[in-house]
Structures are given as structure tokens and as C-alpha cells.
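All chains are identified by letter, namely A, B, C and D, in their written order; residue positions are counted from 1 within each chain.
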Amino acid sequence: MTSANTGLDREQMAQRVALDIPDGSYVNLGIGIPELIAKYVPEGREFIYHTENGLLGMGPSPEEGQGEPELINAGKRQVTALPGAAYFHHADSFSMIRGGHLDLCVLGALQVAKNGDLANWSTGGPDAIPAVGGAMDLVAGVKQIFVVTQHCTKKGEPKLLDACTFPLTGVGVVSRIYTDLAVIDVTPEGLRVVELSPGLDFAYVQERTGTELLPAATKS
Amino acid sequence: MIDKTVPSLADAVQEIHDGATVMVGGFGEAGSPVELIHALIDQGASYLTVINNNTGSGEVGLAALINAGRVKKMICSYPRSQNSTVFPDLYRSNKIELELVPQGTLAERIRAGGAGIPGFYTPASVGTPLADGKELRSFEGKDYVLEHGLRADFALLKAKCADRYGNLIYNKTARNFSPLMAMAGSTTIVQVAEIVHAGGIDPEHVITPGIFVQKVVRVPNPAHESQLVRDGVTYP
Amino acid sequence: MTSANTGLDREQMAQRVALDIPDGSYVNLGIGIPELIAKYVPEGREFIYHTENGLLGMGPSPEEGQGEPELINAGKRQVTALPGAAYFHHADSFSMIRGGHLDLCVLGALQVAKNGDLANWSTGGPDAIPAVGGAMDLVAGVKQIFVVTQHCTKKGEPKLLDACTFPLTGVGVVSRIYTDLAVIDVTPEGLRVVELSPGLDFAYVQERTGTELLPAATKS
Amino acid sequence: MIDKTVPSLADAVQEIHDGATVMVGGFGEAGSPVELIHALIDQGASYLTVINNNTGSGEVGLAALINAGRVKKMICSYPRSQNSTVFPDLYRSNKIELELVPQGTLAERIRAGGAGIPGFYTPASVGTPLADGKELRSFEGKDYVLEHGLRADFALLKAKCADRYGNLIYNKTARNFSPLMAMAGSTTIVQVAEIVHAGGIDPEHVITPGIFVQKVVRVPNPAHESQLVRDGVTYP
């Protein structure tokens, strides 16, 4: 838990992202904070969740003891299937992704650059075991990519940068970033603050960002 | 609530525009969306590029659409039929274009279009006139030809059953090209004999997941093309 | 019906081909004489018939009045499905073909060249409506291609030639040819007669062939 | 009579040779053919190249095969696991090779291998280190990378049910890579919980048609990897 004046907690971040998902969207949620979004479907909307290991119409986690080892999500956690769900194999699943059939994918990030470059699979360290999963396919194929992430690393280093230093997942793919501190759009001019978390001011967020932030268009 | 059903055939085909590329499901009469095609004739869109394995039979369904002069170009593998001269007559008088594609290449091009694959290599047609002008490439000492993914503005399909999400199941060999065209059509429009509640199709049995479908219209007793031809029906 | 000393009739040709199909084979039959082969499964063998419009385990024609317009073969005739059959879409069907999963395909021919070139889709005439269907995929992908055809055209012109004059379906793809007059192998040396139809001699068949025939290896 | 069932797990894996390329079905534990993998450990084949999305968990199944030193190279998208250090330890000490492939590209490469497609273009990985050394090509102004079809000498899969022809159905998300690997394996070997009579699987519901399957072995109550790991089981 974080105190109110240092930004949103993980659940609040997930809830904030959910507010921006249009009714009827087909959505893929990455591992970590993105997984939490499924809990926060706003009143009156219906989203259909896709998990790349072969399920459309993914429902919430099963009740304790009701899960099945062969009904899991991409994070390998047990899930459920809603009425109207469909199972399919991996080639069909990634046809949905690569073919542009999904409306939105929400991913975590290690770094995001001002032009929308995303790094979220490897720190590039000599001892790191490289593991990419479906991230490169998702960012290359899904119509819109949101990132939800802590604004800074645990060590306090900024994650939003002029340019990523870690190996890229995709080039210029991110359209919007949700952090504990702000909602930020990737624009041709750079990263533009759309919304500050309650109790925070622009300077506070800029200080924790490794690239120049633009103020919200309506405030200029 | 997501509900992809529309009330009428006219609603289903309403937005198809002049010059559109339209994939039409079916192999021969199996899976041919006769009622949707007739609605498209009524609707009036012209200068269409149509993708189907064949060119229809008699003067109903796809053959009727061609006969009405609405089709500028056909992309297909087998534009002949034992009981129709509609396409051959127009083709011989240069009133319709033809892009002839081997059947397996046609299927794979449609799948590729739907799967976000812009190009792939196939051994089919190498050394034949259908490879003329196409790029050849050798993999492990064998030649292949480069083929391109195929997409369409619309896909018109016939299935057996749908739910409100657009999940589909088909009937026997009427499945053929339809699951591929569902993927490759920007707007996929499906006539089904039955609409069931969400969950009415077992998730293990879904052939086309609803994400590939935009509109569903119920046609409870679809006509069989061969029966219409035997009955001497012509459309309109 | 033809008289005995002018070779096999269509049914006999089909029956002759069936004798050479190994037990357990996955087989695709082209339109025309090849379709007749399905009737002649030799005692003790089981073949699985594939039709490229999406059925494995194709059975015989239905009883009069029992057919279904949406259960057809590649020739668009009504068929049946045997126990253990499977339906699939066209991309999966041609994956079976292109991926080398079928053991044998038996096709008709307009012309076959001594090197195994096949022409069976177009006479190349100016008024011909070109129509290729799945023939090019079949010859490019199926492990073994047999041709079954009348030895000569209706006008008496030879169909087995030094080189095809019609547009090709595939290059060097045919391994064996069954005609009303003979069974002939495509070998690196050219066309070799394996078997003459009852009552015919080599010279009779050679006269009706547009390329030099080699006598059966065992007779040389 | 065609009958692809074999009497034992040992029979099923008997012909796998040293140096073979082996596709192993499953995504995490869902669809992992644990009993077939254990039979392969018993059988002894070494210097294997193994294709699976992951590298197993605990010290059972795929992780046990790797731990036993039988795997020369892994081709996968995500060689990490929350409860196994088998692969990371060997990788860091240069005792095992890794070819890292984006998950969708891995799936499509396997499908392509099984479908006779030697190469195709995908947008995934363009501009990243995983595209290094690969051919780029532009289609309609967008860059794609050339990827190659992937085949294997053997595929080891788990399904829910089979008949004597090898027709298969799967269980929920245990389907994942298995229908693709069935196509791409020269010899596809499947463990199933149940074997039914021919016709016992509705032809409309078959996911893997039998033409892609060579051997079927019955394992009535397959272990779940996560349960084995919780129970502290190690193999052998």
C-alpha cells in the first residue's frame, strides 16, 4: 500500500485502466498489474478477455479448490471460462493477435521511450535468462497497446525515458501509459500528461521521469 | 451487452459499398450464403471483387450476382460449373476479370490475410504458367513461389449455428473456406439457421470464435442452390 | 464398354489402380476415373479417403434420396462420411496436402511427359476457361502421384509424350501411369512399361504413345 | 484394419533416436505429456533438440528430461519458471543451447512446418534483438521478418481422447501447441486418457484429424505436473 499523496496502488491503477476500455472490446491482459484489470469492468460494459494460450471469454479465477490444471491463462494461473467462450490452438490464437483482431492489449513495462518504444522482456544483463513469451507478437499485432507500470523502478530510477536502454519488445508501439503517478499519452511531440494522480502536481511527476513531459493539452 | 445479431438480411449487407472486395464462403453449393448474396443483389453494390472457390451455378446465388453485372473481378480456383454459363460468357466477352489461384494457395492466402502474414512460400504452381511473374525462392534445394495474404472488406458466410458473440459452428463439408474468410474479412457477416444463447455452443466445439464475426442474421431454412437450379429459379 | 483386346474399360482401370494401394494409405482421388477407385478396396485392406473440400474418411455415394447437399466431395458429388471421419476447413485440408501427409493422389491427365511432367488443367486454347482447382497443390505436396487416363485422346492422339504441349500442372511429379493399355512407370530413363493390358503387345502400345517406351525391366 | 494404438509407453517412444528433434506439447503444465516424457527418460535417447513453449517445472516431466542431461538444445519462447532452476542453471553454465522465438512466431513456424510452408513473414520482433541476422522485407510500407517452418522427427503430445485412426480431442487450454505439433512431427506420438471406438468422436468435433497421428497410447489417469511438484516428486 502506498500513501494517498504518492500515487495509486496496483489495484487503483488497474481500476483506472479499466475505465478507458470501450464496451465490447476484445482485450488481452499481460502478466502482473494488467491481470488485475479484469476485476474492474465498469457498470454497463462487457469486455471479452483473450488469453494467448487458447481461450476467448476468459472469466475470473476459480473459487479455492474449484480450479483445473488445464484451464489456465498466459501467466499459468488457473482461470474460468464464461458462457460463450471458445478454446483454440496457438496458431489460431496468434492469428487473432497478429491479424489485428484484438482491440487492446495492456502490458507491463521495464521501460517506455517517448516515441512509444517498449522494453518489457529482458534487462539484457549477462546473467539474465532471456524469455519473451508472446509480448513481441502482441505489440506487433494488437490494434492498441496500453502500458500499466510503476512510474519508477524499486530503486527509484525512471522507467519513462528518451530512449530505452534495455532490449526492445517493439518499436513505437505504445499509445498510452498508466502509472501510479499519472496517465500519459504517447504523441508525435513526446509524452503528454493526460491526468495526474490525486494530490500530485506536474513537477513531482516530471522529476521522476527520464524524458520531458508535456502538460495536458487542455491546460496549455 | 454484446449482441452481433441483426434483424434482417437487408441490415446485414447494408454497408457493402461499390468497389468493395467481398469474400463469399462455400465450395460449390456447400456453405454458399445464397440468401445473403440475394440481399446483396437487392442492395445494389457494384464493381465488386469477389473471392470464392467457384463462380456459382444456374442463375441464383453467386452466379446471379455475376449475371446482374455487379462483379468486376473474380478471384477463384475453379470458375467452371456443369450447369452455368454466366461466368464463361462474360469472361469470353471480356466483361469480367479473373485471377486464377490454385485452391490450396487460395485457402492459405486467405488464412494468411486473416492471420497478419503478408507473404509466404508454397511449392504449388512452380514451373507452371500460374507462377509467371511471381518471385521464386529456393529453400533446402527446392523451389517455392511467394504468395501474398488476401483480405477483404466483407466476408459473406453461411454457418449452422451462432450465439450473440458470433461464435460459429458449421455443417459437414459446408465448413470449407468459411472459417478462413471469417478471419480475413474486415466485416464478417454470417447467415445462420439457428441462434442459441451464450454457452449454447460448447467452447470445445466452436469452429470460428466470435472475435472474427461482426454481424449475424438468422435464416432458418436456407435454400440449397442445387434445388433452386432444379426448380428453374432465377434471381432476382 | 470396350472389347477385351483393346484394353481395360474405366471400371477395370480403377480396379487395377486399387490393387497397388498399400493397406492403411491416406488417398486423395481426383475427378473422373479416379473417383471410381473407391469402390475397389482389395480384401483385407483399409484406405482412408481425403477430399480436399474438408473431409477425411469419405465413404461411398449415398443411397438414392439419402444424400445431403452439404456433404460433397471435390467433384461436388454427394458422398458419405464413415465412422472415424473428420471435417476440417480448407487451410487444414491443404496443410494435409502441401505438408506431405497424404500417401497417394490419383489424378486424371490431359498429357504426361516422359519425365513425369503433368498437364491436366487446361488445353491452353484461346476460348478455354482456365480452371485449376486443387491439382497444382496436390501434385506439389502429396508423397506419390499416380495418373489414370485413357492412353489416347478421343481423337486418337497420344497423351504420353516426350514433352507436354499443354500448360503444366507440375514438373516431374508423376511416378506411375495407368491407362486402358498398360501400367507404366516414370523412371530416370523414361517411361517403362510395367504391365500390358490382357491381349495387347508392346508394339501396339508403343504405336499409340508419343514417346519411346522401355520394356518391363524383368523382360529385358 | 488401421489401428494406431500401441500397448505401452515404452513401445510408444521406442524409436526415438539420439540427436532427434522432439516437439513436446503443452503450455506450462496444461497439455504436458508427463508420462511420455518420463518414458523417454527411461528409454535413454540423448543429444535431443526439444521444442516446447517453456522448459518445465520442478524436477519432473520436461524439466526432468533436461535435468537428466538429455537435451542439447531448447527452442522455446519462455524458458523461465517460478519453481525450477533446471534450465537456468544449465544455460548459465553453457551446458544447454537456447533458440528463443516469440510465442506467436513459434506457433506459426510449427504450423508452417506441418503445412509445407518453408517460410513466411511476420511483423513480430522487427526492430528487436530477436530479428538480428534475419531477413527483413517490406510489404505495403511495413517491415516484416522472414521466419522458417519448423518440423521435428517426433512430437510427444497429450490429448483427452482418441480413436484407432488417431483422431484427437483435447481438454480446454491443454490444446495449445499440440494440434500444430501433430502436423509438424514426422512421427506423432500421443498419450490419451481414453480411447473410443471409430465414430466415438463426432466428425464435427475432431480437433486433430488422425492423418497427423502415428501412435496412440492410453494413460488413463495422467499426473498433473503442479501436483507432482507440490508432492516433491522428482524423476527418475
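In this section, contacts are C-beta pairs under 8 Å (C-beta built on N, C-alpha and C of every residue); 3 or more make two chains touch, one makes a residue touch a chain.
Model, not experiment: these values are computed from the prediction.
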item	value
A-D compared against C-D, more contacting pairs	A-D
Rounded Å distance between chain A and chain C, as computed from the means of their C-alpha atoms	56
Rounded Å distance between chain A and chain D, as computed from the means of their C-alpha atoms	29
Interchain centroid distance [CA atoms averaged], chain C/chain D, Å	36
Multi-partner residues of chain A (each touching 2 or more other chains)	55, 81, 87-88, 91, 94, 97-98, 141
Two or more partner chains touched - positions in chain D	108, 111, 115-117, 122-123, 170, 172, 203-204
Listing of all chain pairs that touch each other, if any do	A-B, A-D, B-C, B-D, C-D
Complex contacts: residues of chain B adjacent to chain C	27-31, 77-80, 87-88, 91-92, 98, 100-108, 110-111, 122-130, 170-180, 207, 224-227
Chain B residues touching chain D - in the complex, by the definition given at the top	108, 112, 115-123, 137, 139-140, 142, 144, 148, 169-170, 172, 203-205
Residues of chain A touching chain B in the complex	23-24, 26, 46, 48, 50, 55-57, 81-88, 91-92, 94-102, 141
Chain C-facing residues of chain D, complex	1-2, 111, 113-117, 163-165, 167, 183, 197-199, 201, 203-204, 206, 209-212
Interface residues, chain A side, partner chain D - complex	51-55, 68-72, 76, 81, 87-91, 93-94, 97-98, 127, 129-137, 140-141, 167-171
